[in-house]
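As written, the chains take the letters A, B, C, D, E and F, and residue 1 is the first residue of each chain.
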Amino acid sequence: MKLVTAIVKPFKLEDVKVALEARGIHGMTVSEASGFGRQRGHTEVYRGAEYTVDLVPKVRIEVLIDDEDAEAVVDAIVAAAQSGRIGDGKVWVIPVDSVTRVRTGEKGSAAL
Amino acid sequence: MKLVTAIVKPFKLEDVKVALEARGIHGMTVSEASGFGRQRGHTEVYRGAEYTVDLVPKVRIEVLIDDEDAEAVVDAIVAAAQSGRIGDGKVWVIPVDSVTRVRTGEKGSAAL
Amino acid sequence: MKLVTAIVKPFKLEDVKVALEARGIHGMTVSEASGFGRQRGHTEVYRGAEYTVDLVPKVRIEVLIDDEDAEAVVDAIVAAAQSGRIGDGKVWVIPVDSVTRVRTGEKGSAAL
Amino acid sequence: MELSAGDTAWVLSASAMVLLMTPGLAFFYGGMTRAKSTLNMMMMSFISIGIVSVLWVIYGYSFAFGDSGSKWIGAFDWSHLGEVVNDLTSNGAPYPIPVLAFAVFQLMFAVITPALISGSIADRTKFVTWSVFIAIWVTIVYFPVAHWVFDFGGKDATGAGWLAARGVLDFAGGTAVHINAGAAGLALAIVLGKRVGWRKDPMRPHNLPLVLIGAGLLWFGWFGFNAGSALGANGTAALAFMNTQVATAGAVAGWLIVERIRDGHATSLGAASGAVAGLVAITPACAFVAPWAAVVIGFIAGAVCATAVALKYKFGYDDSLDVVGVHLVGGIIGCLSIGFFGTKAVNAFGADGLLYGGGFTLLGKQAIGAFSVLAYSFVVTLILGFILDKTLGFRIDRDAEIEGIDLTEHAETAYDFEGRSGGSISGALSGVRTTEGAPA
Amino acid sequence: MELSAGDTAWVLSASAMVLLMTPGLAFFYGGMTRAKSTLNMMMMSFISIGIVSVLWVIYGYSFAFGDSGSKWIGAFDWSHLGEVVNDLTSNGAPYPIPVLAFAVFQLMFAVITPALISGSIADRTKFVTWSVFIAIWVTIVYFPVAHWVFDFGGKDATGAGWLAARGVLDFAGGTAVHINAGAAGLALAIVLGKRVGWRKDPMRPHNLPLVLIGAGLLWFGWFGFNAGSALGANGTAALAFMNTQVATAGAVAGWLIVERIRDGHATSLGAASGAVAGLVAITPACAFVAPWAAVVIGFIAGAVCATAVALKYKFGYDDSLDVVGVHLVGGIIGCLSIGFFGTKAVNAFGADGLLYGGGFTLLGKQAIGAFSVLAYSFVVTLILGFILDKTLGFRIDRDAEIEGIDLTEHAETAYDFEGRSGGSISGALSGVRTTEGAPA
Amino acid sequence: MELSAGDTAWVLSASAMVLLMTPGLAFFYGGMTRAKSTLNMMMMSFISIGIVSVLWVIYGYSFAFGDSGSKWIGAFDWSHLGEVVNDLTSNGAPYPIPVLAFAVFQLMFAVITPALISGSIADRTKFVTWSVFIAIWVTIVYFPVAHWVFDFGGKDATGAGWLAARGVLDFAGGTAVHINAGAAGLALAIVLGKRVGWRKDPMRPHNLPLVLIGAGLLWFGWFGFNAGSALGANGTAALAFMNTQVATAGAVAGWLIVERIRDGHATSLGAASGAVAGLVAITPACAFVAPWAAVVIGFIAGAVCATAVALKYKFGYDDSLDVVGVHLVGGIIGCLSIGFFGTKAVNAFGADGLLYGGGFTLLGKQAIGAFSVLAYSFVVTLILGFILDKTLGFRIDRDAEIEGIDLTEHAETAYDFEGRSGGSISGALSGVRTTEGAPA
């Protein structure tokens, strides 16, 4: 089993979700994150005091998936989330020892 | 060392915490997440425009643990978080290379 | 490739960022988290009803890095985030199978 | 009597201020609930404005103030609000103001009273049943009680309410509004039962700035409530105004000192709650006591209510936002306080209390006023509540309560901060109910 | 005529209340946008206060109410607000109030009207262009139309506005304010085009308590707007006040009932929207109809507007916060309603409508009033909008819209809750523009 | 003198409006702090209402307005607020209003002045010491200074304050309120020192809609403050009202134009700040200048204050929310402006300034007024501040400041949005302090 984690731009979430569903993947976990990287942040000014916010809003998507599907999932996410602009994000894959579905206690692929 | 990650329903967090403490585990990191899966989201209506929110609120719990305790921790979480309803969540285990306690620089089991 | 995850006190984030930049690391992903551990939470009182909040605010920092740099990054984070007080946090390292840059599709070190 | 533009100006201003109290209450209450039920809490106030105002035009004003000759209730007919306007300067005798000014000022009181009740049943009340409840409750409880207390018999002084006729002093509604709402709140808290997770889950206020916004607007509007009850811009109004201010200040001090001593911290929720407790307590007394006494009354109300909010834990009823601890207890303190501090020295239409040589007579009357309203309201509300619970059902189901009443009763959530900058993870537009077309 | 302190007191109070409506509108609108554009939305209202008030002193008051003898516009000169104050009790004939009280009351109307428009072009409007638009729009649209409707010809009754002279009844601005703003809103929504992601992305209100705060303040202030339009504290004011309250209540009921039946849920946004729809509809009618009729008018406005907000999906214009569905439609309902429910029985200066034996005469006049303002405002705004779009540009670019207009136009974000307790991940102070020094 | 219901109506309405300014200020300031210290910020205002109102009844009114024959201070006795009410129409000579109406109106001024100071010491002030500070400060600074400026000597015109007697013009409190609070704010910022992380950490406003709510309520209430200071509903009040509106508008424009040119963006915080700067500056001048001059004064105040807020970076004091840059600087601008723009043409009780041929006489008087209050307030506050710091301690400790003062001083946090829908990660109920019982 693998865990695919993707950091993407927030407005691409919907597209990624659609792309994954198209591949028959119906589960994922999403959370808010902030990214720091090549993409520049922005500047805010309050009563003349200038603040640099160098963290940019991102969305983190996590998908548990069978080993053999991992690469395809990565490709699907990359295709869906790509805008070609700096800051599109990263996708990485981590090995997973075990997965359990809380509701039933099922393990492995059956738990997805 | 292992990292046990659990996605559970928010109102189960307290129960999971109690269950882990009962097993002598006194550290964990918690964050907010949103889940997408079998569990249906909900519909909101604003001035007649209907919005489907298919992400449901979840809590992510992460516990670093010695290899030999991993399975027991997973079982404890599953037992505590189970409501038997769709959307109870997932628990997965990932291998960890090293853990360091920031305060002391201790590594490995001592860092927990 | 490795994924270094650090849970640190929120007001240390800026220091960690500076320390990583000093080591030539220009990318990371940050998110909010709450920690439970030795550090005590706090108590709030509303109309005489006392609430114990045992989760304390933390920041999670994730850095993807080449295998050989992992240890140095951990050390840099530990040095920057250390206040010597209980609750300074943890840093852990996880093996990563692959990393892809969404914008270009580049893989591996080139994707960082 | 000739119309007084000055008096009319003040009563109109005061009416607007009292209207603002109901939204103010919505924010005060809404900030105190959990984030998942704030909209429902506020809607319970807003719908009261809607329902009661409409009933007022149809029969409410008549039930409360119609010429019936009865001391129990006004006339059983339609409110004639279409007719009384014929004479544009038709006066609300014996006050030189248009009768519609009096009618709209009183309407605002009728609006806020049921809204006050809603605090005791936060997070768990079926919205439709609540709406039905309001309509029936104002009809069989508020309108009659308003007649008892506020109807002095009109032009010919017949048909004054029995409490008014008996000399019970209640300048701006300690009985008809606060004790009434507090007793009804207790009854409904009993009917609906405790929230899921009560005394276990954190049920802390989710937005204290919103609570303070509500408290600020309530304080502002309350000057209209109390000083407006003089129905003119005169010395009585000024006295009521001053007393309202200083009693409230005293109550803030009283509540915070208790908190500081007992809990170690003076809280912002305490300041807001103290203010409301003081405003409640001075309401009946504001034009009958001297300012120094108002400070004392306020201080006592603040300190006592800070303690009384714990009664619910002792007796085991989930009066969620402390309608009993603040409005019932505060209202009783205020009513009885006149029996001690009342003095004709400040108001010839008042009476002397214990401290001014009036003996126990006034205190006795005040007690009768307070407890008869308490008893009537509690009993009738309890019966009405049980009937509605058995018929329409008064409480949402357990799952809905856990998921959040805003979502299940109103199909809304209060906040969406996710789209703060850049995108959002908060769903997609899936249809437009108001038209056949699906989204593009 | 001698100055009436009572009438003056009421007009001053009312003026303050009407001023508060514009911030109230800012919150009502600001809560309805996404979190990333709430500040811009509110700024569109606040800047209107700034610009219009300044113009009012220079020439605005004169354009609208100056003695020109013309029925189309007031005098083309400077406002003399420096001179009319010479006589401290100089009266705004034929009302016994200082002319500056009249001038400031009317100023508040001029301020809120352009602010109302902004709702139709949320999230995407260049702030500088908007500011320029306001200045021109009030000059060529609002000031003349105010003359048409609100100028009864001053002391010598010459130069009354053509609609006023024709007997079109509009007590507090259904035409000049609401239809005017609604039609302009439609025009600008067409000029600016749809938001990125319209009918696809979630564009739900990000802060409903803020919407309700706005609605509450609007309701409060509207008593000043409507009852203040009597320009005195008298029976007409009391009638307008009562009608404002009960029509609004009726509209809340109307909107919520439609929602409940159609969508299955009564919403808090619906309650707030219904209130505003009712306030809009009763504005022109408030002193010309009986309270029972006000309830009916409100109910109709609530129910119809609840449906009319979907017109934009049918016709494909992105009137983001429903200026058309609420203000244009509500304003038309209100204006025409006088043709049905108007009656001299409640106001000798009114007229009898269809239901009171007045036949279709009044209805015809009302229709002329409503549609001439609609047409004038729509056409002029459309032309002005296109010119500004071609010259200054009226819309921010696509990337800025996605990132959020608060950030790109105002260099601010509305909320930072991250530092709730302990530290924060929200950036660092990088410089101080107001001084040469860099941060220490 | 006979009581004027009209004048009384206006003063009562105005008093309520001024009361609302203090909560308004709490929101204005509270939204500007970080989320972890918003409650403390608001509490600093709310406690001022509590403490000052109580002192007012005991001796405050007497200290400020008691008949002492002295030009430095009123009478050193108790306030007699229990006695002056005996005659319900007892008038505050020479104004035909009840003396209690005058007393409560003036109370609201005494309440807001110390609250204004709190902005300079955000995030780090011990709440108990702050409470003690208020009580002493109003006693030795505000009450005397109010006597200097606002006491015209009562019925027999003896004992007028020395500034009033000297002909210093300050209609509504530019000296006694704003310069006074601004100078005290500077002194306390020096006493308490800089916040941890100043000029390094992001200390941006955490909730700008809350700031705008505060600004809106301040603007509204300020009409009561300024126009209410006429103590009657007359032409002077109307002039003050108009000037308040248009000066504020001018200041919004002034501040935003400076921002736009200097920083490239007009901000919502700038609009709110500009409004307050304009309101401050017009306060002393509002009934002494023509409306066109009010626009100019407002514009200057907006533009200058937009620059003055940076002084703190230059001189290195942490005046956290710019009490100096807005209230001290704005107050000075306003006081001196009368020396230029003052004219008897608009107010017979005023005086002619430089531009109206009055020469430098008036300007000189105004300068004396402004700087004597500045100096007295600064010096006394500095000494008082140091004494309190050495005895009770004025500042919380470093760890508490980092963790957040709301938590450490008030045991509360402002927001809990986590339970938005479904569960929550925000802790558990662990006990009820008000009763012995532990949670079930």
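Some notes on this structure:
The rule is short, and it goes like this: contacts are C-beta pairs under 8 Å (C-beta built on N, C-alpha and C of every residue); 3 or more make two chains touch, one makes a residue touch a chain.
Predicted, not measured: the structure shown is a model, and the values here were computed from it.
The chains that touch both chain B and chain F are A, C, D, E.
Shared numbers divided by all numbers used gives the overlap of an interface; between chain D and chain F this overlap falls below half, so the copies present different residues. One simple way to say how far apart two chains are is to compare their mean CA positions; for chain A and chain D this gives 50 Å. One inter-chain figure worth recording: chain A and chain B are separated by 18 Å, centre to centre, where each centre is the mean of the chain's CA atoms. Rounded to whole angstrom units, the spacing between the C-alpha centres of chain B and chain D is 45. In chain C, the positions touching at least two other chains are 11, 30-32, 34, 42, 44-51, 53, 55, 94-95.
Contact of a single residue of chain E with at least two other chains is seen at positions 4-7, 9-10, 13, 17, 201-202, 204-205, 207, 213, 217, 233, 262-263, 265, 267, 269, 306, 309-310, 313, 402-403, 407, 411-415, 417-429, 432-435.
Those residues of chain A whose C-beta lies close enough to touch chain C in the complex are 2, 6-8, 31-38, 55, 58, 60, 70, 74, 77-78, 81-95. If you check the complex, the residues on chain C that touch chain A are 1, 3, 17, 26-32, 64, 94-103, 105, 111. On the side of chain B, the complex with chain E involves touching residues 44-51, 53. Residue ranges of chain F in contact with chain A, taken from their complex: 202, 204-205, 259, 262-263, 265, 267, 269-270, 273, 306, 309-310, 313, 322.
Against chain D, in their complex, chain F makes its touches with residues 3-10, 12-13, 15-17, 19-20, 23-24, 26-27, 30-31, 38-39, 42-43, 46-47, 49-54, 56-58, 81-82, 85-90, 97-101, 103-104, 107, 127-128, 207, 210, 213, 217, 233, 409-412, 414-424, 426-429, 432-435, 437, 439-440.
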